[in-house]
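A, B, C, D and E label the chains in the order they appear, each numbered from 1.
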Amino acid sequence: MSAFIQYTLQGLATGGFYALAALGLAVIFGVMGVVNFSHGAMYMLGAVGSAVLLDVADVPFWGALVVVPVLLFLFGILVERLLVRWLLALDPLYNFLLTFGLTLLIVDLVKRRYGVSGLPYELPAGLEGRVTIGGLSLSSYQLFAAFFSVALCIAVWLLLTKTRIGMIVRASTEDAERTRALGINVGRWVTPVFGFGIALAGVAGVLAAPFRAITADMGSNFIIILFAVVVIGGLGSILGAVMAGFLVGLVEAYGQAYAPSYAQVLIFVLMAAVVLVRPAGLFGREEAS
Amino acid sequence: MTTGASTSATATSPTSPGSVSTPSTILRTVDLTKDFRGFTAVNAVSLDVAEGTIHALVGPNGAGKTTLFNLLTGFLTPTSGQILLRGDDISGRQPEEIAHLGVARSFQITSLFEQMTLLEHLELALASPTGLGYKFWTSRKSLGRFKQRGMELLAEVGLADRSGVTAGSLAYGQKRALEISLALANDPALLLLDEPTAGMGLEDVDRTIALVKKASVGRTVVFVDHNMHVVGSLADQVTVLQSGEVLAEGTYDDVRNDERVITAYLGESGGEHG
Amino acid sequence: MSAQLTETTHVETAASSAPDRRLNPFVRAGLLLLALLVVLALPWYIYPPVAMDIVAWGLFAISIDLLLGFTGLLSFGHAAFWGTSAYVTGLIAIRSGLPFPVAILGGAVVAMLIAVPTGYLAVRRTGIYFAMVTLAFAQMIFFIANQARDLTGGENGLQGIPKSFFGIETVETDPFYFYYAALPLILLGAFIAWRTVSSPFGRVLLAIRDNPARARALGYDVERYKIMVFVISAGIAGLAGGVFSVSHGFASLQELVWQTSGKVVLITVLGGIGTLWGGPLGAAVVVLLEDYLASSGFNGIGIITGSIFVLIVLLFRKGIWGTVADLVARIRSRGRTPGRRDA
Amino acid sequence: GGGPAAASGKISDDKIVLAVLNDQSGVYKDLSGPNSVEAVKMAVEDWKAKHKDDAVSKNIEVVTADHQNKPDIANTKAQELYDRQKADIILDVPTSSAALAVATQAKTKKKVYINIGAGTTALTGAQCNKYTFHWAYDTYMLAKGTGGTLTKDGGKKWNVVYPDYAFGQDMTKSFEGQITAAGGAIGQKVPTPFPNDNFATYITKAAADKPDVIGTMHAGGDLINFVKQYNQAGISDQIKLAVGLMFITDIHSLGAEQFKGVTFTEAWYWNFDEQNRAWADKFQAKTKTRPSFAHAANYSAAFNYLEAVQEAGSDTGDDVVAKLEGKKINDFFLRNGEVRAADHRVIHDAYLAEVKPASEVKEEWDYEKIVATIPAAEAFKPVAESGCSM
Amino acid sequence: MAERLLTVDTLSAFHGEAQVLRDVSIDVSVGEVVTLVGRNGAGKTTLLRSIMGLHKNTRGSIALDGTTLDGKSADKRARLGIGWVPDDRGIYATLTVEENLSLPPVVDKDASWSLDRIYEQFPVLRERRDFPGTKLSGGEQQMLAMARPLRAGSRLLLLDEPSEGLAPVIVSQIGQIIRDIRSQGVAVLLVEQNVKFASTVADRHNLLAQGEVVESLDNDAFQSRTTELLQHLGM
């Protein structure tokens, strides 16, 4: 029983992590209609960025948690301005393909610059230990990561649904020209949203740095799991992305504990089941036929 | 449940779906209801459409007319209630199945294959019931057998000379006409037209009225329109919907003098704007 | 102008609609002949195993185009069919010793079989959703193949697939002759694709691509059509995957990873979608480029292919074929109506 | 077999072409990759310097290709290297699946192939062939050193976590054999997906019944993930961590501190003695980095291949193989080395190594402490068990 | 005569090579309702889009309150007080009804309608306030689109066929609103095909055919000549 609780906690910790990354994906999709294939690469840049900052500028984890998302925000803005924006008016498939190409490019550039065998990183000061409650013991870093992710998810959700900024942003992506004609300077808003989504991926990357291998390829399987997460949650749904993130985290943990060889297939089986029963995902809105 | 004057057999046990009300009823709904997440767009509507008549569906915006059409043609699944086509329950069937039962529709918002020529549209419509569409091993030329009939249909709506242009390059009124000719292609027993004259200039409206009149020979037509001129010229029977429920039913003259209809829909001017 | 409410896929195809609308029959016949000649001459000028790769990837791209260009469905999990067939072909060839064309046909049939349930689930969604669902299913197949290592050899792959061909030794050992022995299978796949798009069925597919709701109202069972074309496409991908695995003598998990699905989409878009012709063109470019880069000492294939992809999507969405066709058309029309200029 | 033996003094195409086929861009790029090509070039230079005018050929080329760890690409590239680039030998090929694919090509083309980077014992076992040699290590050697020695030293109760694919299973099987032979036992064998980046649950599971040793059979990025998360699990004080296969580049990328106290088997270590160090200095002058055992092994294989060509006076596959078979070699890489004729396994002394704590690391790359030498005769699978028949 | 708010001077517009407006000159004053009537394709929508700054391929000049709008972006023009009700209504699917209403920035506090006032005018919108905008019926969307610039407090409204697809009772209601806001000093440029409706609300009419203003006349003249004019225009 105590093992079960332990697995559950571990699942939730991983889930918080997926939720955060999937949230960035969902925000960009929900707001701009762009399925950002490069989200995994951006996550990787977040982790690599932390390691590089530590190496060249002695910026510790806590610093990276602030600096890296800001840098990725700027990078996102660049990507949006130079590339993504030209395809916004077209079928979403084009930006999907564009960001796919971008992923290949970014990953190989990182490989050329930083090699492939990974970069070193340490646990942040103050979170090296473990927290023991009753018979349970969890790494304090993972606990921190989980709580941090959840808090950030909630903040973003509130921002998008409850504020005027969120509203403007949603309107701008649905029809930029019309929104302009209603008196809103659209250009000012869409770009930062993309940057913001990328920054969220970057946060996930920073959080990953202390306990995952920091390599150029670290995002390539991650993005596929994120896709499963958003399909399960409902592609356009921000709440769905967060909930499905936790769900997938739990499924993964139980799978690893009780059916190790099938842990990863389970996620996709879950996804197939969801598509079969609720094609729009658990929290997605029904598509008009 | 049903408000207003129902004309025929709605009173006789609406719960037994198999019972054919009158021999001439082609379409009948029994307590048809559609909920959208707690909002009831169509509420217990029981409707009888007599074979061979032109039946108008009017009502304020949001009354549930388009939703009712979507239910009748399978694009939406009813939350409860039944749809009987010649006595057979078709609720829950898919749009393509219903189409094969002889029900054709046009859309309120123009819905065409923008990149195809007009003739290709009609070939597609005509080929549908033949199952030719599944033949991936034969040549496309086999569609040629529908050419003559397709041209006739285009001629009927005045588009014969445009048979080779793509639908995307048509003017709005012409698109509406093409919609109607597609709906007519397979000689449907029941024709559902959603605002066939919306967005048309007067001249086009009159042409369309004539067209629908001509098309109605030998079949049943149900249409939605806000243009009282159109309703008055065409409808044998009018059903007024409001907030998803039947408010009134009767001939055009009955309905237009109905106090409730005037307050809820026509307004004091009696709908004479159009 | 008029807002379309249906959520359809509007991808820019290289041809304006039906693939043959632009070209007159003579030009078309000429091009076909030329293409055939090129395909026949390929192993004389290109290292035969590479030539084989080009036509196999070309056919694979055709299977994608059938979905993307003609039905508006982007499959991002087509590696599932290519890879499954690669394994099944290999298993048949190794275990039964049957001639390789038989093994490949067997592989293609199995690919079609697994496409039925996959298609059934995937066609319930459109656009980007469809891409995601197919991708996820391909991942499932990948993990299953990895688990079933008694059958597939797991990470080591399925080694030593024989090129049995009725005891004709030159074919079995010399890639040059093998190319010609395998080519009919590729041409068969291309023919099926061509036949499909130029049939009444193909016309319905275009209708579905443009406006699925309208197609349904006309009485077409849209989902069924999509499943059918999905299965046909899987079969074609299967033919290509089978040829590929026999040519290389083995099948590996590489055939099933998502990057393979991505690569074939890249090839298709690069060549130009909605033409069937584009795929093989794109395949020639990508395969030759990879071949060159692998021995050039420049280690960063992703940098090149990634940049190409980004540029194509940004600037030449109609791909090689579409861009060239546009150019030709523009030159022609300029010839006809001289002096016309944009206002 | 083979066709008519080529006459002595016959060098095909008037040149000797050495091809290095390995990962130039992927996960194994650093542990071998482009720097192995450098090592082979060094071997060619040194060999030319040694033979000067009496070299069988002055025309020696080194070519390279990237197999991206993909067996299909390796297969095509191998064919191309042999056919188009006229390669007389292919070297390296990390990744077992690719390695086996190349072995098949070598056999068909009757050309020499010396594998360095791959782990699978199948190369000199079930899938061995006349033209294929395995130079540096294999899973048996790793298990023998790490599994056998640690068990004898008191780590009787093992739990093994392994990536669920051929290499991982091979490793687990080999380890089980050695651990049982040494009087220990494996309690749990925990398979993990491959590749994978989240091991928390697996580690919890493997630590649950408090074994003496947890062995990880992961490599590359997975290994680094595993070790990071292992250190976070807070069990490193009570349970010893053994790593199945480690390259010095792994330690370098994660930092010695994370690995401190970890025991593993080395095929060669640059700072082991003067001779090694001398070569490592030369290597560093060229590449700005210290060599992994794979780099050294590539040099050794290339050099000895050229020696065999010189002796045979021919670069024809069959002639060279004849010279290599049974050859006893002692160079800076192969200590007490021998090319076993029966299965083409190259045996040599192996080492049990431990990662130094950061405090003891005196210079960059000085991460390892060699704690024991395993004699060549014991380090590798006995011929009788190999299952190879050529 | 009240002060002139909008002046369009010899405006020509092009779609690619095709000229769809030819030297169109019209003006609208404060508190005035001016229509553009004409067949499908006459160029009415194009004119409105040009004024809004959405159609850029034009020649000629447009001025608001005497200052030229040349080079000003659409959002700038909106903030100067031009409110647009597009022919396709332009309701956002991802915004709720209420969000659709509050999206445009308020340009004139005094003129701006409160949400309550809007809901009083269109009770159905209050009922559906938390629904996604495009889940409304076609007519409900039209009301929403009308309400939006009222909420912003625009001083010049460009209405593109606001009566299309509306129930007669709603059409009357819209007519009443137009008359109300006119009396509050708002200027309206109204595109209509529904001639009867146009004549109940407008002060002046411009007949557009093939991109040209073929006739300009006041409402009385318009009403007395309706039949003749319609014939002339083929409407």
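The rule is simple: contacts are C-beta pairs under 8 Å (C-beta built on N, C-alpha and C of every residue); 3 or more make two chains touch, one makes a residue touch a chain.
What you are looking at is a predicted structure, and each value in this text was computed from that prediction instead of being measured.
> Go through the assembly and pull out the chains touching chain A as well as chain B.
Under the touch definition, chain A and chain B have C, E as mutual neighbours.
> In terms of touching chains, how many steps apart are chain A and chain E, taking the shortest path?
Minimal hop count between chain A and chain E: 1.
> Compute the centre of every chain as the mean of its C-alpha atoms, then state which one is farthest from the centre of chain C.
Most remote chain from chain C, centroid-wise, comes out as E.
> With centres defined as the mean of C-alpha atoms, identify the chain lying farthest from chain A.
B
> Per the centroid of Cα atoms for each chain, what is the distance between chain B and chain E, given in Å?
31
> Quick check: how many Å separate the C-alpha centres of chain C and chain E?
51
> Chain B to chain C: how many Å between their CA centres?
42
> Would you kindly tell me how far, in whole Å, the mean C-alpha position of chain D lies from that of chain C?
Their C-alpha centroids are separated by 39 Å.
> Using the touch rule from the top of the page, what residues of chain B touch 2 or more other chains?
75, 109, 172
> Multi-chain contacts in chain D: which residues touch at least two other chains?
In chain D, the residues touching two or more other chains are 25, 29, 164, 193.
> Can you tell me which residues of chain E touch two or more of the remaining chains?
Correct list: empty.
> Taking the complex as given, what residues does chain B use to touch chain E?
36, 39, 58-66, 108-109, 171-173, 195, 198-204, 226, 228, 263-274
> In the complex of these two chains, what residues of chain C are touching chain D?
Checking each residue of chain C against chain D gives 47, 49-50, 53, 143, 146-147, 149, 153-157, 159-160, 173, 175, 244, 248-250, 252-255, 291, 293-295, 297, 299-302.
> Of all residues in chain C, which touch chain A in the complex?
It comes out as residues 5-7, 9-12, 74, 121, 124-129, 131-133, 135-137, 139-140, 143-144, 147, 213, 216, 258-259, 262, 265-266, 269, 299-303, 305-310, 312-314, 317.
> Would you pull the chain D residues touching chain A in the complex into a rising list?
25-31, 164, 190-193, 195-198, 200-202, 204-205, 208, 220-225, 228-229, 231-234, 247, 249-250, 252-255, 257-258
> Under the stated contact criterion, what part of chain D meets chain C in this complex?
So the residues of chain D in touch with chain C come to 24-25, 29, 34, 63-68, 70-73, 75-77, 79-80, 83-85, 96-97, 100-101, 104, 108, 120, 122, 127, 164-167, 193-194.
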